[in-house]
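Just below sit the structures, each encoded as structure tokens.
There are two complexes below, and they share chain A, which is joined by chain B in the first and by chain C in the second.
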Partner chain A sequence: MMEWTSFDTWIVVTGMLSAMACALLGNYLVLRRMSMMGDAISHAVLPGLAIAFIVTGSRGSLPMLVGAILIGIVTAFLVQGIFRLSGLDRGASMGVIFTTLFALGLILIRQAADHVDLDPSCVLYGAIELTPLDTYLVGGFEIPQAAVTNGAMLLFNLLFVVAFYKELKITSFDPALATTLGINADLLHYVLMTLVAATTIAAFESVGSILVIAMLIVPGAAAHLLTDRLGVMLGLSLVFAALAALLGHVGAITVPTWFGFRDTSTAGMMAVMTGVLFLLVFLFAPRYGVLSRVIQQARLALKIVGDDILGLLYRFQEMAATGTAPMHAGDFREALKQNWPVRMALWRLSRRRWVRRVENGFILTDEGLRQGRGIIRSHRLWESFLCGKMGYCETDVHTPAHHLEHFTDEKMQSRLEDAADRPGQDPHQRAIPPAS
Partner chain B sequence: MAAQAQANRQSSSARVHALTEDQRRRLPLAIQDLTVAYHRKPVLWDVDLAIPEGRLIAVVGPNGAGKSTLIKAALGLIPRASGRVTIYGQPYEKQRRLVGYVPQRESVDWDFPVNALDVVAMGLYGRIGWFRPVARAHRRRALEELEKVGMAPYAQRQISQLSGGQQQRVFLARALAQDADLYFMDEPFAGVDVATERAIIALLKELKAAGKTCVVVHHDLQTVPTYFDHVVLLNMRVVEAGPVDTVFTEENLKKTYGGKLTLLSQALFEYSKDPRLPSGTRGGGAL
Partner chain C sequence: MSPRLLILTPLGLLLWGAFDPSWVAAAGLGEHTLAWPSSEELLRVLTLRDYNTRVVIVGTTLLGLAAGLVGTFLLLRKRALLSDTLSHASLPGIALAFILLTALGAEGKNLLALIGGAAFFCILGTGAVIVIQRYSRLKDDAALGIVLSVFFGLGIALMGIATRMGSGNAAGLSSFIYGKTASMLFADAVLIAVVALLAAICAVLFFKEFALLCFDADYAASQGWPVTGLDFLMMTLVVVVTVIGLQAVGLILVVALLIIPPAAARFWTYSLKHMLWISGLFGALSGLFGAGISALMANLPAGAVIVLTASLLFGVSLVFGSTRGLARRGVERLRLSRRIRHENLLREIYEMMEVCGLSPEDAELDCALPQVTMDMLLSRRSWSHGQLRRALARGMAAGLLASDGRNWELTAAGLEEARRIVRKHRLWETYLIEHADVAPGHVDWGADEIEHVLDADLVAALEKRLPAEVLQQMPASPHHIEPVQGEAA
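Up next, the complex of A and B:
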């Protein structure tokens, strides 16, 4: 079994802090449909890092941070500028900028790498496993430098989002209105982008660009699937980010060993975990999830089959002389040309006590009779209306009436009755049952 | 007729130029020599407008005439190439509180995680000020505005789950929350049913009764005389502006729409001017 040390704790804490710092701002990128901006900035900062390195000759955090923030701001301005002036959409403008800057950064790093060792792959994956080695002494505790930087960044972002909650909301939703109210949407946009750049860099060193991009976008996107409230979305995204960091590290040190490999990159695994969390949400979210949509559709289908069974039973009871044998499950399957849905619908109707099983057949209970009568009433009212008012002829009214009967409530029935001049019989001279 | 219209136009522009500062202060909106260009392509030329107080004003013109642009330029949302805009005698930046704005419905992202009440509360942000949260009193106020447009039962609905007409009502409620004196509305009647249209027009009349001024971009020529007092006919320039009675003539419309005034809309237009219609459904003085 794996061994958990204070090293692992610090790795997880650092991962959580950087993930949460990114996710918080990422919500606004998602909402402003600027998800690519995270991508753009995190790639575009590369030349900033390289230049800072070349100028100062050190890999210290401060020059890196300054270089990256500067270039991050430049990116935001360039993207906005191209977007405004060229008429390209935002995505394309970002694409143009970040690929160019990224390429420039790679060239610069190649240049720099000839002199000192600066590893491009470090940029992709970061080196979170090494972060606990670089520590600060804070109040007598040894705290990894990366945890301090990312923690500070998270705190700062939290303050920003809380202080400007209203303003961020309105400028993201309706920048025109914000501007007319005197809230400078452009300024807030650049402040936000600057913070994204700073957060990206703070997280960069420890977790690398892959995780930064994942954390900027995925937690927010997943949270958006789960809620219709902005505040809840922000909170959920933080939870996802923290969870992904924890699961990512645990996964990185356990999963590969099951298959006899050495443990793998924690940052990579954290990014994978955000993807896994997103997938789960995507499948199981109560309203927007795939599964719930499938279930809703199945429910509707089942309701319709159930309605049809009730209608059949009502018609049967209407016509059959007393003492006739009740309808069998097989009769329904044959009449409705469906097998499993009919079985399930029958089970559902029995459970609701709308039908009762007697000597291998089914009859309506009192409540079932009421329901069946309602459906037949809708059906025959629609037939009368379609025939009398809309110019359908007697032979082709059945199908549309059959569709409409499932979505006709009592109020609509009574309106329909008035609209069809209160017919007593449908076009086939069958009595229209009264409202119950 | 044409000569008279020309004289009319000149006099209207002369009016704006000759305004004393005192007269300006009493005008909700005065626009002088406004020119707006996107990428050096001018879309509005030399617009002169003096909008009187307490009236409902329709802005009418074909697609792409620059109606939305006129509103956006007046609100400072897009830069103007030249010209001067005053709201009650002062530049817009000083008079924000006096102005309410209902943008075209397509201009926002309806999937945004906010409900109807949140959106209406946004109309209050200007008054709430920086660093302060939306308090319970503000929410109560927003709910009142939703009630006025018959949307209170939908206060907690996420906005994409509202119908187009309901979304439009939410936008109106938000404008009401702004509690302005001058309202700009960009096609509030677009894609709404008869009931919502009636509700909106009732609201406009209430605003007018309270002495507010509404500048409304409108597409349905047939209803212009019934709904509005004044009309601005716009097609890159102001073709004509003034009271509906005198300005809303077939000839001016032809000039505005060029060949685009279809037979149908002409017929509708003639219908709307038909003297046999019951009073109150006809334009101008009846309002």
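Up next, the complex of A and C:
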């Protein structure tokens, strides 16, 4: 049974604030194709933290922040420098730098461990469950220190993004244009990296250094699949981040109980929830989702099969010259070499009342006849045009016409007719039906 | 500031800070500093007298070798960061295997089961990266980041459950994150040895195929190579090395072993075959020295020291690498700019002497040849006083220039050399005017850049394309040459 206390509320609030602060900057990492830079920085801040601990001997927020910002700048410079000097690709340059810094951080933490209460696992995946214990008194309310820190970071990032909205946008999409407009793209890059480092540190206590990257990248990536507008993308990523934090904590205290366990790490579940949200968007996004694209393609495929059936029926009736000759469903399957799509297309055509099932097969209705005539008209006009005007006569003229007939509307038909000098017949001496 | 300095200073400081215990002492950790080993301890480690040390050192050395070999292909395939994603993605596999085993009442820390779980999730992660890349508009970096963080988050959540389980002892599981080199068992070392052998065999057997895949996958596909299969084999090797390395050095630092040694090896050679073995060697050296240093000094985690050793090798290679190292490239650049100044100097003097006729040799008798002074040369080109003086001195030393201390002239050999240089310059100018429609007034600059790299073959090819009359003697300059400023002798 789930028990919700003010403790849980504060955990969720802290998680939301840090996730939103990260997600806001993460949008730009995704757009600049530097997602892994977030990963690199979040690993590389470890020595910065350790040095701050060792030098000050405390876990105060300010020295931590200073150490992290310094190391963030150093990381960005080192990666850029190695990338330019060594001829390695950007990924490898990052890999060299952040693993080195991380190893250095581990050693320093080990050295400092006797002096300062500092556990690498705490740094790596945070202790959000403990954040409500450490509170500030703000205006009579006890507010967790982590919530204040992350809230301040979110506010700062918001101010930065609003103040430099245009500059960030231009440098993200077209750095060359930005340079010609007099915007210092390099400087903005380093400022962004510094802010990422600072945000990472602020989020440390809640989600830990490695899970920060989930908050940095995944909400932005999900938002990117939903929209083409930067402003909307920023807003959506904030919503995703907040949602992931809420669902993450709820998941952490409920999901394990289904399997008979008590609870699990909230930070871990927050990252999992960003993944779940991403998966949903990945599948169901209206334009860029996998499923919607599959549906679009299936629809198109069905339309084409339906067109082909109408065409076949029209031709058959034309040859039979009686006007109402039925054709079997099996004939369509054989002619189109498809089974299920034909069945579905026939069902669709019947539902639209373009074909009618009679005793021994299918016939066209009046509307179906009109549609079929349109398709055959397109087909034969294309054949005439391709043969007469484009020198296709010697080659197979049927196949390209067959492809094009599905995408030719009435306006185009009449243009084609003019362009092909109003032929009465196609190259195979069959009459081209008039426009209806 | 020079970018080179910018890189090397912090890197050097960091490495120095890591290895010099006095720095840590200064930071107020006096009594907790690294204890330098006694000579006795040193001897014990160096001679591998300890059974435990022997196992660890052999294990890490072989792991470094295997990672170096496999990482080379990974690096050249521009997928270095995939190893990062893979290693993070393995965590849920480890935790899940442990939970399932414990729930079934078996011993949770069965190494093979844990490794199997890790490998399974590595493959799942790779699949997810490929699917995201192919079926969405997101690029490779976002796909890597998403899979890395979400899988790792799942791993942390599962670990949370594992540690809260009543039965089973999950305490050792975190060694997969940070590594637990010092407690490597004989069985682990054997496993690593087998994998290293496998990696080496594959690297040799499939060398040609992998090389083709790395440098031109499309060409390989068009030639009928089973690119997907080869890619899969390569990734399988990466997964195997990653998984084996997980518990030796930890999931974050195994990435370093896959990336840093090959990156360092690139500075020493242009040949893939050599790079492969240098990378393997660097990996092995990192493992050897890293584990050795860690065994000698208490309180230094072996995984981190191994990585820092590799980073040190990288730093040294970056600077001193014999083919792409900064020092080598710097020297080459210096040599080139010296040669360019030398050639420019000879051409300037020649062109100044030319005022009296086609060449200084057959100058008209009543024409006074100008005296060439430093000031005159300085005014004709944008070179600094020092540069010019050094170029003059080098010309003198080579016997191409003669001087009375104030005025400079070409010796017979210098004249010969200068004629060769000026001829190249003017041939190229003529070529640009005749064939590239460059205006005569603009042609000087274009030719200025190319003349220094024209070799004999190119000059011969140029001569073939140009009208015969310019080839008879020294072609006249197609553009106006600034007359000598200053007094004539």
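Some notes on this structure:
Convention: the second predicted complex is superposed on the first by the 383 of 436 C-alpha atoms of A that agree within 3 Å, B and C clash if a C-alpha of one lies under 4 Å from a C-alpha of the other, contacts with A are read in each partner's own complex, and residues count from 1 in each chain.
One rule holds in what follows: contacts are C-beta pairs under 8 Å (C-beta built on N, C-alpha and C of every residue); 3 or more make two chains touch, one makes a residue touch a chain.
Values in this document were obtained by computation on a predicted structure and should not be read as measured data.
In the model built by aligning both structures on chain A, chain B clashes with chain C.
Counting the residues of chain A touched by each of chain B and chain C gives the higher count for C.
Once chain A of one complex is fitted onto chain A of the other, the partner contacts of A:His224 extend to both chain B and chain C. With both structures placed on the common chain, the touch criterion links A:Phe278 to chain C but leaves chain B unconnected.
When the two complexes are overlaid on their common chain A, residue A:Val191 makes contact with neither chain B nor chain C. Judged by the touch definition given at the top, the superposed model places A:Leu158 against neither chain B nor chain C. Looking at the shared chain after the overlay, A:Arg33 reaches both chain B and chain C. Once chain A of one complex is fitted onto chain A of the other, the partner contacts of A:Met233 are limited to chain B, with no touch recorded for chain C.
Judged by the touch definition given at the top, the superposed model places A:Leu88 against chain C, while chain B stays out of reach.
After superposition on chain A, the stretch of chain C that runs into chain B among 274-282, 436-444 or 454-462 is 436-444. Overlaid on A, the two complexes show chain B and chain C touching the same residues of chain A, namely 33, 87, 224. Those residues of chain A that touch chain B in the complex are listed here as 31, 33, 87, 163, 165-167, 169-170, 172-174, 176-183, 224, 227-230, 232-233. Within the complex, the chain C residues that touch chain A are 3-4, 6-7, 10-11, 14, 18, 24, 27-29, 32, 34, 75, 78-81, 83-84, 88, 132, 135-139, 141-142, 144-146, 148-161, 164-165, 174, 177-178, 252-253, 255-256, 259-260, 263, 266-267, 299-301, 303-308, 311, 314, 318, 324, 326. Every residue of chain B that touches chain A in the complex is listed here, in rising order: 39, 72, 75-77, 93, 96, 99, 101, 103, 107-109, 112-115, 118-119, 122-123, 125-126, 128, 130-134, 158, 174.
Residue ranges of chain A in contact with chain C, taken from their complex: 30, 33-36, 38-39, 43, 47, 54-55, 57, 74, 77-78, 81-82, 84-89, 91-92, 94-96, 99-104, 106-108, 110-112, 114-115, 120-121, 124-125, 208, 210-211, 213-214, 216-218, 221, 224-225, 252, 256, 259, 261-265, 267-272, 274-275, 278, 282, 288, 290, 293.
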